[in-house]
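Here is the structure we will look at.
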Amino acid sequence: MASTVLKVEGIEKSFGGVRALKGVSLEIRAGEIHCLAGENGSGKSTLIKVISGAHEPDAGWIEIGGRRLTRLSPIEAISHGVQVIYQDFSIFPNLTVMENLALNMELMDKRAFMNYRRARAIAARAVSQIGFDIDLDERVENFSVADRQLIAICRALLQDSKLIIMDEPTSALTKKEVKALFSVIKDLQSRGISILFVSHKLDEVFEISERYTILRSGENVAMGSTDELDRSAFAFHMTGREFSEESYRPAGPRGDPILSVKGLSRRGCYSGISFDLAPGEILGITGLLGSGRTELVETLFGLTRPDSGAVEVRGNRARIRSVKEAIRHGLGYVPSDRLTEGLFLPQTIERNTVIAVLDRLAGGLGLLRRKAVAETTARWIRDLSIATKDPSLPVRTLSGGNQQKVVLARWLANDLSVLILNGPTMGVDIGSKYDIHALMRKLAAEGLAIIIVSDDLPEVLACASRIIVMREGAFVRELDPASTTESVLSELSTGVA
Amino acid sequence: MITARRILARSEPWVLAAIVMLSLLIQARSGQFFTGNNLVDLARALIVPGLLSIGCMMVIVSGGIDVSFTAIASLAMYVTDKILLQSGYSGNVLLAYAMSGGFGLLLGALYGFLIAFLRLPTLVVTLGTGSLYTGLMYGAFAASASDVPPSMIAHGKEILFTATNAKLGLTSEMPSQILILVGMLALAFLLLRYTMLGRGIYAIGGDEAAAERAGFNVRLIKMFLYCFVGALAGITGISRISMMAYADPSTMLGMELTVIAAVVLGGTRVTGGLGTLTGTILGIALMTILANSLILIGIPTYWSRAFTGAVIIIGTGVTARQIASATGRRRELKKTKGGGA
Amino acid sequence: MKKDQNLARLLVMLAVVFALMAALRPGQFVTMANFGSMMRQFPEYGIMAIGISLTMITGGIDLGVVGTANLSAILAAKLLIGAVPRGAPPEQALPFVALAALLALACGLACGAFAGLLISRFKIPAILATLGTQQLYTGIAIGITNGRPQSGLPLLYSNLGNTEFLGLFPLSFLIFLLAALAIGLMLSRARFGTCMYMLGTNPKAAQYAGLGNASILVRTYMLSGLLSSVAGLIMMARANSAKAEYGTPYTLQCVLIAVLGGIDPNGGFGKIAGVTLAVFILQFLSSGLNMFNSISNFYRDVIWGGVLILALVVNSLLARREARLAVRRGARATRA
Amino acid sequence: MKRTLVVMLSLILVLVVAVPFFGQTYDPMKFKSSKPQSAWKIALVPKDATNAWFVRMEQGVKRYAKDTGINVFQKGPPKTDAAMQAQVIEDMIAQGVDAICVVPVDPAALEPVLGQALSKGIVVIDHEGSSQQNCLYDIEAFSNQGLGAALMQVLAKSMGEKGTYTTMVGNVTNASHNEWADAAVAYQKAKYPSMTLLAAEPRVEIMDNLDTAYQRAKELFKKYPALKGVLGTSSLSTPGTARAIEELGLKGKAFVTSVGMPNENAPFIKRGTVDAVMLWDSAEAGYAMLAAAVAVLKGDKVANGIDLKAKGWNSMQFAPGSTKVLLGQSWINITKANVDSFGF
């Protein structure tokens, strides 16, 4: 039996009366890839913070380096070889790549002065580990999310680690990047480093990990070897519910196209984009990050302007120069970055829900009719089964899935013709993901035209009535989901056979 | 890699361009800009705002904003001045600097504590302490304009060199206090660039939670920062009253907003994380040259304030636009490049 | 919930200041004369504080309120002085008084719109843009008057401005109440108010939600400008003249009021009720201290700054204690 | 907001009924107090509380309290601002003082509030506010014309009665500074034809800051080499300008004079950079204002030759054609001979 790197037992942790962890245990063996799975709010992040020393547990113990401790400081955790790559990467957007890579090392070495030559050497070593080609002198804020993630990973690899914890490392990565990451992880494993891989994506769990621990509502519900786990059991453990994803075969487009895009181009982003969208259709647009997919839909929604080309709504030329005009044409857009682009986190659920329909809820003098506001909110909370006790609570108190539903409700409250969803289930737990998929189908059946932008290929295959693949700012091919596979989509996206 | 685009996305070149344009305008209107004594006059005028801008910039970089540093400078120098006068001290001026710097440090430590350990919002805290410190100075210490001790008068007369205007024969003296500005700039530069403490200030301004996780002692860094700013303000106060040989408690009050504006104009990001000493000094230099050249340009007294306001608006507007467009272009480029990777 | 606690704390503070002054100077503080005096004093800066609060709710700040107020008042004064002959009867002066008031309000709107455009279209940080407009407006005011006070207003104007309803409530006080009520209602109930809070919370999300950020900002600063011009008209009535630099120290004082009143300097939160209470606290302190002959007026600043910091510290300590208690409650629940 | 506007305007239109505050004249004899002297309360409201000038004035107030035992005190606004000064006066009225002595930041801005005081039977005495309508008496150390002329005489003597000069004020919005400067210019035009006012910059502003005075002076001498003299009205003008003159090497070629305090100007006067500055003692002015107020409260007749018991204020004369403005003879030329004799 392999030796144990880290073991926690009976961990309790409460925040403001809410018990986040209720006696959780976890054991990670040397050189293994261990998956910690669970829905949002199941306590995964809290557990990681306890292990990394960021939180002090209320009860329980941590065994590390042969010693049994009741609490751990971040420095102790690091000196015991525990490294965490957080979901937000914990990087400094305002500093250069070089500094981001080198600062932590220098701090660990308790250096008081900054030596740029040494820093450059450290940074160069860091990026070389995964063959990452990046300008070390550029500020991190000028890079894409994927690049930032790789920077964070490179930084963690610098330390002499025994255990690297990755908190949902793939949530913002494209398929190709995930593959690259997995090979890095395997490589680390071969060097004897253990990985605690936190995820709720079942494909990844099956692909990479040897053992798993599943949490639900702050409790251990299952652990064991991945070989002995099947998909439906995994989903059941995560959610406590049984799911069956019925495959969607839409009735197909009904009537004339509601949205027509004709030769739309924007310099440096996309070019020559044309397509039609009819009511009842779900159009999937897939492609890698940077393929121009997000830029395209942001133009449709009036956030940017095209250099050339035209958009028609219901057969009429539509000049969409602002979001307001897009809304007037019956468009709605669920952005990819829910936290910064979608939600007003400290504001109430109610305000977040009704913000796009205030016009209709206002009476004389622009005063809002309180009753109408409350009714609208209550209706959407009910219809989308948003789990909350009180709509006057800040929206940040909701789980990721429920937050996404609030953003959806905001647009559905409008009389929409076209709903555009960018990464509709990114960072959303399995239960909510099924809910959102079902909702999209229902809306399409009711005659809404939907565009899904996603690189979650199973999602696109399961939901879309047709799929367009984008690469380097252009449409590569249009496909029928019934007669295609993930590997075909993936090849078309990357351009690599 | 240093590319033209990366340079143009910063504000330093634009502020420098504005300084050059303004200088040429002054030269054209008066023939007096590029004369030795005018440049010395401007350098002298730069000393006090320049010293204050260093601390101000560091605070903004750390993600805060401080509107009380002029109150600290005034209170620290005033108390020092009074104590030295009453004790009849006639020794070295270094004691005055040490005392005033020390008082400044204490005053800075007070709000540094509130900001670093109680995590209170900086604008609100410094509004409060600013009001508190000026109130104390005028209320408890009944401050009014006063003499300065002989050591400071002597210190104010220390001259590095005298510049003569070839055309008019006018002379201007470069006060030794300029060395304090140069010294403080060098100190701040080394601190910010070559110490982990300094990098920590930038790191906190970028992402405070990340800084904590990375192992920076965020509280101590903030505490140090506000103590440093306070001490610097106290030192600035002594330089000011030594140069004028006259301790007027109100002489620096009200400068804080102009200094903040100059620092932001010099490219320091209001939300923290970005800012250079070069930009700061260029920004403060632009404002100082402007304020001290209105007569040379020939703006009528009654319109000088409108002119200053218009220049601030146009200057910051152009800078903001240029940076936005340069950054925008680069963002697009990165996106497409990233797509291919 | 949390914000209402803030209101409660402000009320307690107000009560303490009131009780203290009333106890120490009973014969002077609790008199009609004193209340009348206070009611004539705070409206001008109170209204400007409301204007600044609005801009702070959207995540900005308006340092140009005093400049706007004076420029508006000077334009109105110039019109009145130019159009109404000295000693003209009230009937003759009245239309010009109305016209002058309209001119001032229009000037306030224009000044605000300009600042709003600088901030929303040219992306100049609000603190910088309005520092510039403050200089510019004050500068224009000095330029067109050579810094001299504009006096010789028709009698009617200051008589109107100093009218007291029921012999008790000055017109300026009623205008303040009306403004506070209207703006308070707008913030809590109107569509536009909600949009301002949302924009102040997260401008990017506001953009994606189609709120029209630029237009909200411009309208907010216009509103602030409008309120400033009303304050300018009040100052003009109180001083029976207009001048480029009346009330210059009000700027920072108004920011202080807004902050103590619970307006979040980062934007997104705060209520006019809180600002109004803060205005009252400041006025009680200020008038109360004027009753102590030996106490310098600067102790007002000391107390003001001290109260602000104390309020912050208490808020933060209470929040911590609450969190600790909650944890303890949670732990008890665990054992049970 | 529209509603607020409409309501406000309609209020204005409806309320043409007015309470008259202005244009009334008051008979000083009617302000005789019926209260015993020990119950009197007199407030002196200066422009601000920090300026050395008013700190000195408070000494006169304290001396008066000691001499007479009457309850007199000084209470100024925290900053030199007309609106804030009006607020202090409001509070004084509310407290029921018997007399208010005021050094107005801006006489025009105080008319309504002082009118209110008078209508409530409070004695109002002004100083440095000869244009004030709503006061019983305005006592001046001298006339504005007199001071302007005296300053011009000093400057003209220094400059040899010829050459270009300009004027320097604390703030262009400061009323009395502007009046003195105007009077000085008028006197020059009448008496010194060989002197000329600098046309391009006839009035320079120093924002009541010594350092600014110094910077502005330097700019002036650089831009206008012909400039030979600066006539200041702020007490900071002379030390700032004199410092600039010394440093630029213009000693003996350029000259400055202004109102000023002895100790601030002593080094320059002793070095001969400055020939003289003008002064009246603010402590004496404060004392005299209180004496005038008490005279009214006692019901004494205020007539030509009244003695306000302060140095230079012993025989006050009404200004020609005025029954309000009383002029004293209290300005002092501070020169090398007497600069050390003041002790302040």
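Labels A, B, C and D are assigned to the chains in the order they are written; within every chain, residues are numbered from 1.
FYI, a contact is a pair of C-beta atoms (placed from the backbone, for glycine too) under 8 Å apart; a residue touches a chain by one contact, two chains touch by 3 or more.
Everything numeric in this text was worked out from a predicted model, so none of it was measured.
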Would you kindly say which chain has the C-alpha centre located farthest from the C-alpha centre of subunit B? A
Does B-C or A-B have more contacting C-beta pairs? B-C
Rounded to the nearest Å, the gap between Cα centres of subunit B and subunit C is 30
Whole-Å separation of chain centres (CA-atom averages), subunit A against subunit B: 43
Roughly how far is subunit B from subunit D, centre to centre by C-alpha average, rounded to an integer in Å? 35
In angstrom, rounded to a whole number, how far apart do the mean CA points of subunit A and subunit D lie? 71
What parts of subunit A, by residue number, touch at least two of the other chains? 365
Would you mind listing the residues of subunit C that make contact with two or more other chains? 142, 146-147, 186, 296-298, 300-301
Touching two or more other chains in subunit B are residues 138, 142, 302, 304
Each pair of chains that touches, named by its two labels: A-B, A-C, B-C, B-D, C-D
Residue numbers on subunit C that touch subunit A, as the complex places them: 185-186, 189-192, 194-195, 197-198, 201-202, 204-212, 268-269, 323, 326-327, 329-331, 333-334
Under the stated contact criterion, what part of subunit B meets subunit A in this complex? 1-2, 6, 193-199, 202-203, 205-207, 209-211, 213-216, 269, 272-274, 330-336, 338-341
Subunit B touches which residues of subunit A in the complex? 54, 74-75, 78, 84, 86, 88-95, 99, 103-104, 106-108, 111-114, 133, 135, 137-138, 142-144, 146-147, 267-269, 288-292, 295, 472-473
Touching residues of subunit C toward subunit B in the complex: what are they? 63, 118, 122-125, 127-129, 131-140, 142-143, 146-147, 252, 255-256, 259, 265-266, 295-306, 308-309, 312-313, 316-317
Which stretch or stretches of subunit A touch subunit C in the complex? 12, 14-19, 22, 58, 302-303, 322-324, 326-327, 333, 335, 340-347, 351, 355-356, 358-359, 361-362, 365-368, 370, 410
